[in-house]
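Take this structure first; my questions come after.
Read from first to last, the chains carry the letters A, B and C; within each, the first residue is number 1.
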Amino acid sequence: MVTWFENQIPKVVLAPSFVALLIFVYGFIGWTAWVSLTRSRLLPKYDLHGTIQYKKLFSSPRWDTAMENLLVFGVLFIVISMCLGLLLAILLDQKIRVEGALRTIYLYPMALSMIVTGTAWKWIMNPGLGIEAMVRSWGFESFSFDWVINPDMAIYAIVIAGVWQASGFVMALFLAGLRSVDGEIIKAAQVDGIPNWRIYSAIILPSMAPIFLSAFIVLAHLAIKSFDLVIALTGGGPGYATDLPATYMYAMAFSRGDLGQAASSAMVMMGVVFAIVVPYLYSELRAKHD
Amino acid sequence: MAEIHLTDLTKSYGPTEVLHHIEGHIQDGEFIVIVGPSGCGKSTLLRMVAGLETVSSGEIRIGERRVNELEPSERDIAMVFQNYALYPHMSVRANMAYGLKIRKLSQAEINRRVEEAADILEIRQYLDRKPRQLSGGQRQRVAMGRAIVRDPQVFLFDEPLSNLDAKLRVQMRLEIRKLQQRLGVTSIYVTHDQVEAMTLGDRLMVLNGGYVEQFGTPIELYDRPASIFVAGFIGSPAMNFLPAEVKDGSVVLSNGVIIPVESPKEANVTLGIRPEHLQPEPEGAIALQVEMVEQLGANTLLHGTLQGTDKALTASVAGHATYENGEFVNFSAPASMLHLFDPETESRLEL
Amino acid sequence: MTDFAPMSPAATQNRNSDVQKLALRWLLFAMLGLFALFYLMPLFVMVTTSLKSLEEIRTGSLIAFPRELTFEAWRTAWSGACTGIKCEGLQPYFWNSVLIAVPAVLLSTGLGAANGYVIAQWNFRGANLIFSLMLFGCFIPFQVVLLPMAMMLGKMGLAGTIPGLILTHVIYGLGFTTLFFRNFYVTIPADLVKAAKVDGAGFFRIFWSIFLPLSLPIIVVTVIWQFTQIWNDFLFGVSFSQAGTQPVTVALNNIVNSTTGVKEYNVDMAAAIIAALPTLLVYVVAGKYFIRGLTAGSVKG
């Protein structure tokens, strides 16, 4: 017999995850939102005090630097990774015999922890013993490459390591996109005598718009959440020179003991992520339902 | 083996009712085909009998039992699906044995039944293959084998031939019919293909928009269609429909042609006549202006219009015949072959 | 590309364009090679540096092969390097990571499979809403749950423990694992479930005997994805662990940034490679599935 209980089994199976989702994601977001509106310091307080934390946040020079860095890092990281990834994908798409091996080489950094990436690049860019020392030993005595310890340049050092890690992933995305373009369209274009570069620019790339969007979303998401890379490569320094919102939030939460600032900065981060992701997800979900 | 009773059966999704008060009594061992255009509710009806859709109101009885509240597996039915729904990771043997294993039959009994079914369907040599290694027709047989081994009271077929190519479809159609006659299991078969329905069914249930238009033998449906819908749906090429008027014991077509019938009353009607019932006759009252000729070998189809009107008219003439486009061809229509329908209700008017 | 296509006699190709094509081909390979060097260089530098003595590092060039191979740095990194005050090397933390990753991967994959099965094949009112909520949950920056999670772990008595980290990874990995399985299971025809119901199988039996056996590819993808995510995690590790329970990434960072004594770059590099080895190994062995996870994770819905 169809018992009431049997009909409930699917719901019962989904229930623990749903409850966890409600508490640990949406409940916690609510908690953080609430605390960001209080005067919490070392311990959370629950009396609302309006937007004082946000006012304090936006008047803090350190937060200013963090947001500026996020903008510089985000834009460069996304643009360079996309360009490099697309270039690599197109180069690899030319019927290369060693494609498999090259793909493996371009993509392996994605398997590494950002901490490992940061450690490796920190050593490579070490002014005393790394690239700078190497080039100087070749006779270019005045060569200077001290980005990791130079407050004005350190953020670019992080961009290099970030691009190194993520561009292979963009390549993989684009390559999959190139391969999924209908082969008959390309053949038709070749029969029409259209040169290869035009086939790419006029036919293939426009049809990959959704992939550009996906790559952008993922990279933007990575950039905003970036934390480990900065910690490993510069520790946010020199000074606060390479602070990002993620490191700011962490510092407020765990070393400064300023929960109000930590919560408000986390809320701003989430605002930025959702401003980018929500329209995308919304359109994706709607497209699926239609 | 069992009778099936459908009593005042209704299906609603939320406020929308998709099946309306279905009634039907299916005899033991009968082969019933539910036929209708896509979206008419025929698959839904079949899945309600299977227990895969709930019943909104009314009752389904299989044998002596009311089955509304029973799980599919408790209804003693077996089902063949449109895309076969074979378990891709299991061998043919395991596919057929799966339901028996769940019923905890002994291994010896399972083997006996599977092999017997495999012999009937001539798929014994494929028993150890995976479904993906089989052709469409072979998969279809496996799907039927899975139904047979269960030795159920009722077979349910959900458009099982629609994924096969035309030739195989005709062959499998005959095989299904022979198999059903041999096993004598009460069967319900859903299709949108009227030829399939006519050749397979002992009786046909014609569904349209969630209503049963007619439930009867193929010949009843052909000879005495209950509605314009059934008349147009059954038979190929489709029946001609012409607006007409019944006056003074005759049918008067819109171009003034008079066909005598024995009719009691006077009314506006829709006259139906099948293309194969138009008999070429030089003195015939009905003149068709030819627009296109289709040579089918055994017969010839003339497509055109009724003289003096823009009403489409098709005639089927036996054998090869040559006609010119624009030519007028005269036909007579015996009164016994005419169908009259009420243009408002679209239902049959008795002569 | 038609570069090497056999030329038809009718084609009036002249020599110039042949030469041009050959030159382009070489340019292509040169560029691909240069990029390969760019991506390989850090790994090469890490490996060679880890095999050099400190003396050689100070005097030699960054990209030179080691004159004298020594595995001393590896031994130190594994069992002697200092993370803050303790000097036990990476070893205990490596095992911490294993203890965290293995159960967390298994649990989140299993739950994701069950969730995906329900959402894809047993649709009930509200299931799609739950799925959408999960999908949005995939994207939150974890900073926004960091503080309440720390408090919750404290209340549950799991603060600074390995079970606490396992719980954290399971919960915040569920969105992705559910997504992976759901997207895989919606491609399985619904008639398969119906056929199994007619055959007498119930919810769990259909899952166990039909869906799971079909799921091997997506299980591999999910396990690899989750393992990489959890092994490489730093944020949760550094926030929710204490001295004895830190995962390997946190320990690596501590070794590299510990300011006591002489800076041993070779040990840093050896430690970095050790921390990277498990995920690198997975990548080399099952790269195809790794890529599938990455692209599946980015093409949502």
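As a working rule, a residue touches a chain if its C-beta (ideal position, glycine included) is under 8 Å from a C-beta of that chain, and two chains touch if they have at least 3 such contacts.
Source: prediction; values computed, not measured.
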Tell me which chain's centre, taken as the mean of its C-alpha atoms, is farthest from chain A. B
Could you quickly compare B-C and A-C and let me know which has more C-beta contacts? A-C
Centroid from C-alpha atoms only, then distance chain A to chain B, rounded to Å. What do you get? 59
Report, in whole Å, the distance between the mean C-alpha point of chain B and the mean C-alpha point of chain C. 56
Would you mind pulling out the distance in Å between where the CA atoms of chain A average out and where those of chain C do? 15
Among all residues of chain B, those touching at least two other chains are 71
Within chain A, the set of residues that touch 2 or more other chains is none
Chain B touches which residues of chain C in the complex? 189, 191-192, 194-201, 205, 209-210, 213-214
Partner chain C, residues of chain B touching it in the complex: 47, 50-52, 71-73, 77-79, 81-83, 85-89, 98-99, 102-103, 146, 150
For the complex, give me every residue of chain C touching chain A. 1-3, 28-29, 31-32, 35-36, 38-43, 45-46, 49, 57-58, 61-63, 111, 114-115, 117-119, 122, 124, 127-128, 130, 132-137, 139-152, 171-172, 174-175, 178, 202-204, 228, 231-235, 238-239, 249, 252-253, 256-257, 265, 268-269, 271-273, 275-276, 279-280, 282-284, 287, 290-291, 294-295, 297-301
Can you list the residues on chain A that touch chain C in the complex? 6, 9-11, 13-14, 16-18, 20-21, 24-29, 31-32, 35, 44, 88, 91-92, 94-96, 102, 104-117, 119-124, 126, 129-131, 133-134, 137, 164, 168-169, 172-173, 176, 190, 196, 211, 214-215, 217-218, 221, 224-225, 227-228, 231-232, 235, 245-246, 249-250, 253-254, 259, 262-263, 265-267, 269-270, 273-274, 277-278, 281, 284-285, 287-289
